[in-house]
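Sharing a structure here in structure tokens format.
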Amino acid sequence: MAIDSGATAWILASTALVMIMTPGVGFFYGGLVRRKNFISMITLSFVAFALVSIQWVLFGYSLAFGSDVGGFIGNLQYLGLNNVGMDPGLYSTAIPGLLYMVFQLVFATVTMAIVTSGFAERIKFSAYLVFALVWTTIVYDPLAHWVWGGGWAAQFGALDFAGGTVVHISSGFAALALALVIGKRIGFGTYAMEPHNIPLTILGAALLWFGWFGFNAGSALGANGLAAQAFVTTNTAAAAGAMAWLLISWLHGKPSSLGFVSGAVAGLVAITPGAGYVTPMAALVIGAIGGAVCYGMLLFRIRKGLDESLDAWAIHGIGGLWGAMATGIFAVAAVNGASGILEGNVQQFIANATGAFAALIYAFVVTYVIAVIIDKTIGLRVSEEEEYVGLDISQHGERC
Amino acid sequence: MAIDSGATAWILASTALVMIMTPGVGFFYGGLVRRKNFISMITLSFVAFALVSIQWVLFGYSLAFGSDVGGFIGNLQYLGLNNVGMDPGLYSTAIPGLLYMVFQLVFATVTMAIVTSGFAERIKFSAYLVFALVWTTIVYDPLAHWVWGGGWAAQFGALDFAGGTVVHISSGFAALALALVIGKRIGFGTYAMEPHNIPLTILGAALLWFGWFGFNAGSALGANGLAAQAFVTTNTAAAAGAMAWLLISWLHGKPSSLGFVSGAVAGLVAITPGAGYVTPMAALVIGAIGGAVCYGMLLFRIRKGLDESLDAWAIHGIGGLWGAMATGIFAVAAVNGASGILEGNVQQFIANATGAFAALIYAFVVTYVIAVIIDKTIGLRVSEEEEYVGLDISQHGERC
Amino acid sequence: MAIDSGATAWILASTALVMIMTPGVGFFYGGLVRRKNFISMITLSFVAFALVSIQWVLFGYSLAFGSDVGGFIGNLQYLGLNNVGMDPGLYSTAIPGLLYMVFQLVFATVTMAIVTSGFAERIKFSAYLVFALVWTTIVYDPLAHWVWGGGWAAQFGALDFAGGTVVHISSGFAALALALVIGKRIGFGTYAMEPHNIPLTILGAALLWFGWFGFNAGSALGANGLAAQAFVTTNTAAAAGAMAWLLISWLHGKPSSLGFVSGAVAGLVAITPGAGYVTPMAALVIGAIGGAVCYGMLLFRIRKGLDESLDAWAIHGIGGLWGAMATGIFAVAAVNGASGILEGNVQQFIANATGAFAALIYAFVVTYVIAVIIDKTIGLRVSEEEEYVGLDISQHGERC
Amino acid sequence: MKMVKAIIKPERFEFVKKALEDKGFIGMTISEVKGRGEQKGITLQYRGGLMTVDLLPKIQLEIVVRDSDVDNLIVIITEAARTGKIGDGKIFILPVEKSIRIRTGEMEI
Amino acid sequence: MKMVKAIIKPERFEFVKKALEDKGFIGMTISEVKGRGEQKGITLQYRGGLMTVDLLPKIQLEIVVRDSDVDNLIVIITEAARTGKIGDGKIFILPVEKSIRIRTGEMEI
Amino acid sequence: MKMVKAIIKPERFEFVKKALEDKGFIGMTISEVKGRGEQKGITLQYRGGLMTVDLLPKIQLEIVVRDSDVDNLIVIITEAARTGKIGDGKIFILPVEKSIRIRTGEMEI
């Protein structure tokens, strides 16, 4: 098929939009930690971007999108971007093959950035580099293959429009596994550890919301009605999630700006898998429930004394899980041909739940194992002194 | 008509660009207030975005763009986005109807954000939620209908390419009404109240200038020569406004960065209604006069001791008024078929001035009444103690 | 030829993306200086944007892209954008002439912003206004003409896909000339002058990386395979440059976030001239070498005690030089019809090196002369007291 | 010599500075601090409940003067800083034994 | 009167504040400072070499109290701020000659 | 014991710190302040008129030492901080009655 220049224009723009999400995650997280770890946090995100960018063009893309090997992983046909060119490819009928590749690249990078929540303020930078390379290769790449690269989940019929399972469930549960392996920050629960720069967190949230339009509406892979549909559902769910969290948290205290932006992200996560399958009114419901559920999970996490304090698990993990199931409930054929429970198709729900839980378990278990191995060999965590002076100085020799 | 994928690509991108203007307003305003109200200011903007997003998909869009009822308002045919779909619609011959809807949505949200200038540093958050919902419904929606939705101003022939009247005059004069009703901040005129974070205001201005390309060039609703024309006039007027304000204010003091960015916004506002009707050289004049006039109005406001201190009135209100008239003066048929005074068409000027003043009066009066009613019932303003400790702590329980 | 709406959509978006690079430079530089000069630094960038925007529409575009006069400069046929319209033009077969004009405009503005490195923390604002106007007119405009406007370098066959020579070599060596003329900051080498706000520098870097997709992939002037190619090479080189600088600088100290972002910019600069001529794997090499070489040049500059401390020279100047040569080495015909040394075409390398060195010499010498003349007449540098209190207060009357 | 250490409302700082200037007290060192007085902060109505906000931003001035100027200084600052509302601040007087001007090395006792 | 000047770890600040409150010491002025103790900071392993990190962030409390309260205050602060690790901080006691409440003008000696 | 309180130019801080270290004075607390000396700030030429810039950024060091070290400290700081230009800063010496190390509770008088 020939290139559609309009589709190409939109996916080029979308790729740029998704790219800005990675620094967005960095600012979001960076504002939430203590001042002494701000530079560390944003550097983890930014390095995720660079490292995964290189891994992806070298072999990551091939592992995810190469011809299927046993339903589990792609082969090496696209090694070094071999055979990925300026013409449309297998996955991209209307846009250049290279563009599809780089659009997928920015998804892989932002996923890695989200994961950094799990070891915030205590990770050794050198261990992080190793971890990131291994994680993106043996957790992210297979998952992307399962769902989008022709692997078993795709064959099985699980719907994931823009990556609720691949991006959010995987990163959220990976963060959980990491937090368990690396342990709590010194003083967690007894020291005050307040967000040091809320304005920068809000900036991060603004960049995330902005970039998410590329993430979801770009996943239509065309500049068409479906892209518009996904754009609208995305914005609606974000707004609903934000207001839901704001209002519910008001019952327990003040309506905080952090509650608002957390809810927005929860809504965005929740709509991601269904953005191109549900109606805007369903998005309103999905987003609002997403905000409420993730807020509840955050409270639960705090009650359990779990130090996964940037809440990738509560927001991305649980929000992604809810989104996968919501897609199986609310999908309507009129939007994109797929029906969920509301149209009587329980099968879709089962497929989606199966895909989501399989990804959840895979991501959690494999991440746990990787983390333990790295911890036993080179050590995941900085020394107590380094943690005390902060990672900015101890890992990067900088101060902000 | 069929969807044009190029046009769709550009309007998708434009919608994202306009979306980032809302946090842009938040950062712009947030940097100008005292530190204790920074989070409040940006939260007001961000909440405007979410709240209006929900209102718009539920019924706001229908009120603005439903079939005309008496020249004043739209009917409820698009309630809950009923009948707004992936195909082109009445207002969007080349792009999906949903895309037109969401492009209009981001205009409604940024308008609400601009309004927050009027009660900066003293609004009760709960009262704001009520106000925002009422204001966008009974001020913004009718105005959008008058000009763009087939209401009386459109029938009358008033030109407003991208929303000088609907967005800027309405928000600017609404802010004025609010400032009068809510009263001055404690200590205004006797306390020093300096902008606490100029860099973040500059960031806001950068996001505004950036997003404004979507605002104005997107209003061509196509990826064509007219979009390019509007892009160029927009940038030119912004640059001219910025330099004009910078140089004129230099006569009274130092050439400040705040003067520069204020002038840029003034130029952007001034060109908004005429962006697709005038030449770049006319844009140079319109922008420069816009910068000069708005600066003069700011000085006037200060002299009058009026506490509308983020200057939505001086910049958006007056700049929008000037822009509406400038469009009636400088429009040339070669650009987009409409002629202004310079081509001998006084009628156009009269139509534009009429539309602008009608909107001005409507926005001012109705806002005033809403504000008084809310003030008498639930109260617009925080208590003296809350104002003293700042809205960040008293309304949101946060600190920055 | 008719307008391609997809191409137009992408170049509209690209122009907006490149626009945000100018504030990006401002934040990047602003975070690196001392607090007392932050507002100055970002204002220099932002004023560059406005001033050059006006110059460009008045006569700059005509000087650069008017019909060739002696291989050196364009004629005045496009004065005041005369004859630049909504239809495709000479340089823009698929997009409106005005759009090509404004896409070129944002290149001219960001170039001026990069130059401000050379007199950071000591330039008199009034002298800057004069300098900027003169520099963009007699340095930038001729260079743009040489390479893109049909001047001698184009005729000679030098390849510069997106402006490595015109933008980066010229600005980098201009900054060097300026630093030599204006002299070191008081206390340079004996006072501690640490970057005061690394987060804002990182924000600037994020905006640069983001905007650079418009810069390079937009330079394909279409939404097609070549744009995708340039997008991918750009991202790959940036990632490689960032990781290279990070890892190499680790040998001398800590892996700093500033090293990472500096390397990213170095990689972006290095790939700029070749973005549409080389493969992604070549981009990996070009970017990594770019990061390494620019880091080496930075160390060299420090050793020499040269106060060009925001390193436009080391990163843009040297990175651009390397990029021009790398294009002559790595260009492959399969990508865009041009071959470099690796495909046996030494001629291309010679053409590129000649173009690059000619630009280098022209930019350095003419900038030096302009700077000396301005210094002797109105004076380039602030007084000692003004430098001590900082430019924010002394030049702009503001504080941050 | 004494150090007069005054903790005042940020909003009144410009007035205090002006008042000091007018009376010829030029030298001073200021810093941004947070503080709370004996009232334990300010109590806000808060959804039925109450919330106490403490540690509000203040400006701290430190001015070293001759002993004979202290009383004068107290009067000037007190008048310029007073709003009559809670949070107006405090002045503390500490003894200073010596003062050295770095530029010249001259010492005062 | 005395000024009790305590320089403590930021992480312990909330505890110290709480402990003081519980014992009725409400008034205080705090500021963010950086400090280094006699150990010359903390030494980090650093690629074979060593790096000394000094001037770590601290919170400084200044509390002016009657002479008779000083010892009590020292005990409260010491207990609440102590972690037993390096960097726990210092308390200095300085004489204060007078204290004036700006709102009322009342003076204590 | 005395508290040596020095207010210096930010640009000279690293030298002063180094000089103190070299002589064995390690403990210190620093903060960012703004200050103005007797000259009422710096006067800038300003479009025909004049503008006075006051309250420029400074670094304040507080070092508590034994009485016998005070003179030594004054010399070290004065030499390292001096540029000979306006704004070099001031040193004030205040009496300290006690000092307590929080980690151990040990007290010095």
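General remarks:
First chain written, first letter: the chains are A, B, C, D, E and F, and each begins at residue 1.
Note that in this section a contact is a pair of C-beta atoms (placed from the backbone, for glycine too) under 8 Å apart; a residue touches a chain by one contact, two chains touch by 3 or more.
Being a predicted model, the structure only gives us computed values, none of them experimental.
The minimal number of chain-to-chain contact steps leading from subunit A to subunit F is 2. Judged by contacting C-beta pairs, the busier of the interfaces C-F and E-F is E-F. Look at the contact of subunit B with subunit C and you find different residues on each copy: under half of the numbers used there are shared. Rounded to a whole number, the gap between the C-alpha centres of subunit A and subunit D is 50 angstrom. Averaged C-alpha coordinates put the centre of subunit A at 34 Å from the centre of subunit B.
Centre-to-centre spacing of subunit A and subunit E amounts to 43 Å, using the average Cα coordinate of each chain. In subunit C, the residues touching two or more other chains are 4-7, 9-10, 13, 197, 203, 223, 254, 397. In subunit E, 31, 85, 94-95 are the positions where the chain touches two or more neighbouring chains simultaneously. Considering their complex, residues 2, 6-8, 31-40, 55, 58, 60, 74, 77-78, 81-82, 84-95 of subunit F touch subunit D. On the subunit C side of its complex with subunit B, the touching residues are 3-10, 12-13, 15-16, 19-20, 23, 26-27, 30, 38-39, 42-43, 46-47, 49-51, 53-54, 57, 80-81, 85-87, 95-99, 101-102, 105, 125, 197, 200, 203, 223, 395-400. Interface residues of subunit C, counted against subunit F in their complex, comprise 35-36, 187, 191-193, 383, 385-386, 388-389, 393-394, 397.
Touching subunit F in their complex are the following residues of subunit D: 3, 21, 26-31, 64, 94-103, 105. Within the complex formed with subunit C, the residues of subunit F that make contact are 10-14, 42-45, 51, 53, 56-57, 85, 87.
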